[in-house]
């Protein structure tokens, strides 16, 4: 069902999942979180993963991000096959290729906004001067130019989430994953934030995948994927 | 091995840890207090124990022993002028082993009688000018001090004077063994009565001029006979070198250091170090429970934050380094507070603790009646450093917890 | 409520066990050390008094400060017979006199002690330290200290001349054959002591039915004060009874000093563990702010929340105390029956220095104080710790608490 996508793209897909299964043992009962999900995402797409609780959308997002393992199938992100990677290699993959935005922002409370953004560049081993410039540029782009010295506690929810996005994009990842990024925000802030994400999308050719319940979010995305019971239920790309 | 970017990553982690410690300062206040009490209390008790040790050592050495004593080989079995040797001046151990001073004496058993009582004593012939290295310098004298080595009068202790029911200016009879091996009896006038820090010296020691005593004991083949030479070095640690050097210079004599002459004191001095170590070990063990507890909690409370760091791609090694840094940081803060507390308490004691209520037992332990705490930089650094090591050890447990944190935990809501 | 408290403790099992472990460790340490102390004091007293001094002594009042020959007890035999009637008490007389002790050309000052060897040997340990020969069997024999023997160049079989002043200033002289040499371990005694049968010494110094002291040994040291009270009325005005506390202030002061050091250590330990426990509860409160907010939103009063935490604290400290006592009590009981050998711990010289004589093992002794002090302090400390850290719940606003992370 994703053939059309692959064919229409001139470059390799950013994400290629085939027959992904994820089984959790709950007590002794196996629970299928993913029952063979197939999904291919090309560069520059802004994809929403929707579905009720337990549909597997978060699990799929986690698997794509290399946060969680999988039990069958294959997952290739940015040309890297995640199947054969150990924990350290997965960490390295996340560090280089993937940016994360979380529902609960997850900023480091003791660091300022700029330091939060710089933190990940530091992990990548970026030299001091460049780190500072890139962090400032990322904050600037998200309209936080003059809030760099504030700590998360001194920022509003929307501002914190923008810092989180700055942190996610500052490394120029091939893929940005956002798990319910607007769930804690009011609708006005949500719209602002989505506008920013959408602007990032064509500007940088950033590929974005977001898991969400929120129809507002889906309205902003270029492709809507619905999940149910661990499988892809509907895909606006294949429906076209 | 460490690239500059790794070092700057460490610097960042350090900064991060520091801020976390500041952030949770209220939550961890009582942990800091517990560490401070442990380290401060240990510092205080160590200073007291060390003070005791120094005091005992000083008392032992400033008796008539000195750091090193030279005697003729037969003297231990037959303490008489038969086992004397000739004055050794001048004495030198070279520039590397500076000498504080030395004293040459005749020190033999004698019997002293007043018209009322008789006691056995040690009769010591001294040159008062050289006794600045011995307990002699601490005497408080009623009457007159000995005028010099030629002074033929006696200086006796307060306790002995009371037992003999005699006083300054009175005469006593002394029976001693002369150079010829025969007992001789001689009358002496008491020049002065001394008060010494320890009662046993007041009971046992009777001083007279060395030259006068040489004359009284009669001729030996030696021109200036002495029975002992006691020597005090500027640095006690040099005693081994000094002992070897003196033994080489005077092969005909027995050269002993204070540890051999006062084995009880030496043993107690050694026990002190063990006591300090055991004390510290037990206190730190007790502290470890609380420390580990809090450290695990700091990791548990931040599961999501640490999970996020993992999700962002921080590897486990860096995460571990961060956890350890934070634990050690907490310990360092507590230890510094504890050291300051300990130092403050030691200075608060100022002139020391008056132990005169325990006068008999402190004397038996070879101490003076005021216990002055002694703080040494080495002790502070050693115990401070060991405490921080305890922090490293304690960080093992939270670090193990931190290893279990998976990046997925960042996703919890 | 117990169940709820227990569940809450189980919720963070690692923390509960660590806190209980800390409490338990301090209880173990303090109860063991205190038992060891009380045991070692007893044995110190026993060893010291059994050595040479006795549990108590009766002497003429002025003899204590100025031990002069003429300050004696009179009618000793009658008094001895009278006292011996008291149950659990043994009495033996001693005379002592300073004298010049000479052998050939050498003379030394010495103290001649006349004793009843057959009686003393059964009760005192000093006679176990005869290193050469034996105690005197006949009136003209004597036993001397090892240093005196060395200084005089004397050996068993040699003759000693003892010259002193007898009663009323007469010259006292006696000749003794050395039957044995004793090494007491205390230089002062080894240098000066001459032991001889009491009859011979009394005769030489012109003493008739007189003694300088009566040594008292009781069968049960804890009965000493009661027996002393029984004796006091039998003594004339001139006489006085001194118990070991007065005779050997050294021992009592050593015990006091040791106790003082112990208290410093114990209080340090208990304070720091209490602080650590406070910290645990502070953390508990932070973590459960939301939960407490919920309780209060449901209508629970702050004091009920405090009570709940108090209950948890009680359970926690009980657990710790049970842990500590559960380990220390069997250990103490075991060591009480077996004893801790001292010779393997070194410090023999130090023990001799402290006049410990024949003390080779110490036996810890569990007393109510030694077992109950640490648990009591820890339990009170834990309750206070919980209280201090939970009084803040009164200020909790249920709405903000529910939003807390």
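Letters A, B and C name the chains as they come in the text, with residue numbers starting at 1 for each one.
The criterion applied here is as follows: contacts are C-beta pairs under 8 Å (C-beta built on N, C-alpha and C of every residue); 3 or more make two chains touch, one makes a residue touch a chain.
Keep in mind it's a predicted model, so treat the numbers as computed, not measured.
Upon omission of subunit B, how do the remaining chains partition into touching groups?
Take away subunit B: A | C.
For the chain pairs B-C and A-B, which is connected through the larger number of C-beta pairs in contact?
Between B-C and A-B, contacts are more numerous in B-C.
If I average the C-alpha coordinates per chain and also across every protein chain shown, which chain's average lies closest to the global one?
When every chain is reduced to its C-alpha mean, the one closest to the whole-protein mean is B.
Averaging only over C-alpha atoms, locate the centres of subunit A and subunit C and give their separation in whole Å.
74
When the C-alpha atoms of subunit A and subunit B are each averaged to a single point, how far apart are the two points in Å?
Centre separation, subunit A to subunit B: 67 Å.
Distance between subunit B and subunit C based on Cα centroids, please, to the nearest Å.
From the centre of subunit B to the centre of subunit C is 26 Å.
Hey, what residues on subunit A touch two or more of the other chains?
In subunit A, nothing touches at least two other chains.
In the complex formed with subunit B, which residues of subunit C make contact?
Going through subunit C, the ones touching subunit B are 12, 14-15, 18-19, 21-22, 25-26, 29, 66, 68, 98-100, 102, 105-110, 150-151, 153, 164-165, 188, 191-192, 249-251, 253-254, 256-257, 261, 264-265, 268-269, 271-273, 275-280, 282-283, 286-287, 346-350, 352-355.
Name, in rising order, each residue of subunit A that touches subunit B in their complex.
Listed in rising order, the residues of subunit A that touch subunit B are 58, 62, 65, 67-68, 87-88, 91-96, 98, 100, 102-104, 106, 108-111, 119-120, 122-123, 125-128, 167, 179-180, 183.
Please give the residue numbers of subunit B that touch subunit A in the complex, ascending.
Result: residues 3, 5-6, 8-9, 12, 16, 19-20, 22-23, 304-305, 308-316, 318, 406-408, 410-411, 413 of subunit B touch subunit A.
Please name which positions on subunit B make contact with subunit C in the complex.
27-31, 33-35, 37-38, 41-42, 45, 76-80, 109-113, 116-121, 162-163, 165, 175, 177, 181-183, 200, 263-264, 267-268, 271, 279, 282-283, 285-287, 289-294, 296-297, 300-301, 355, 357-362, 364-365
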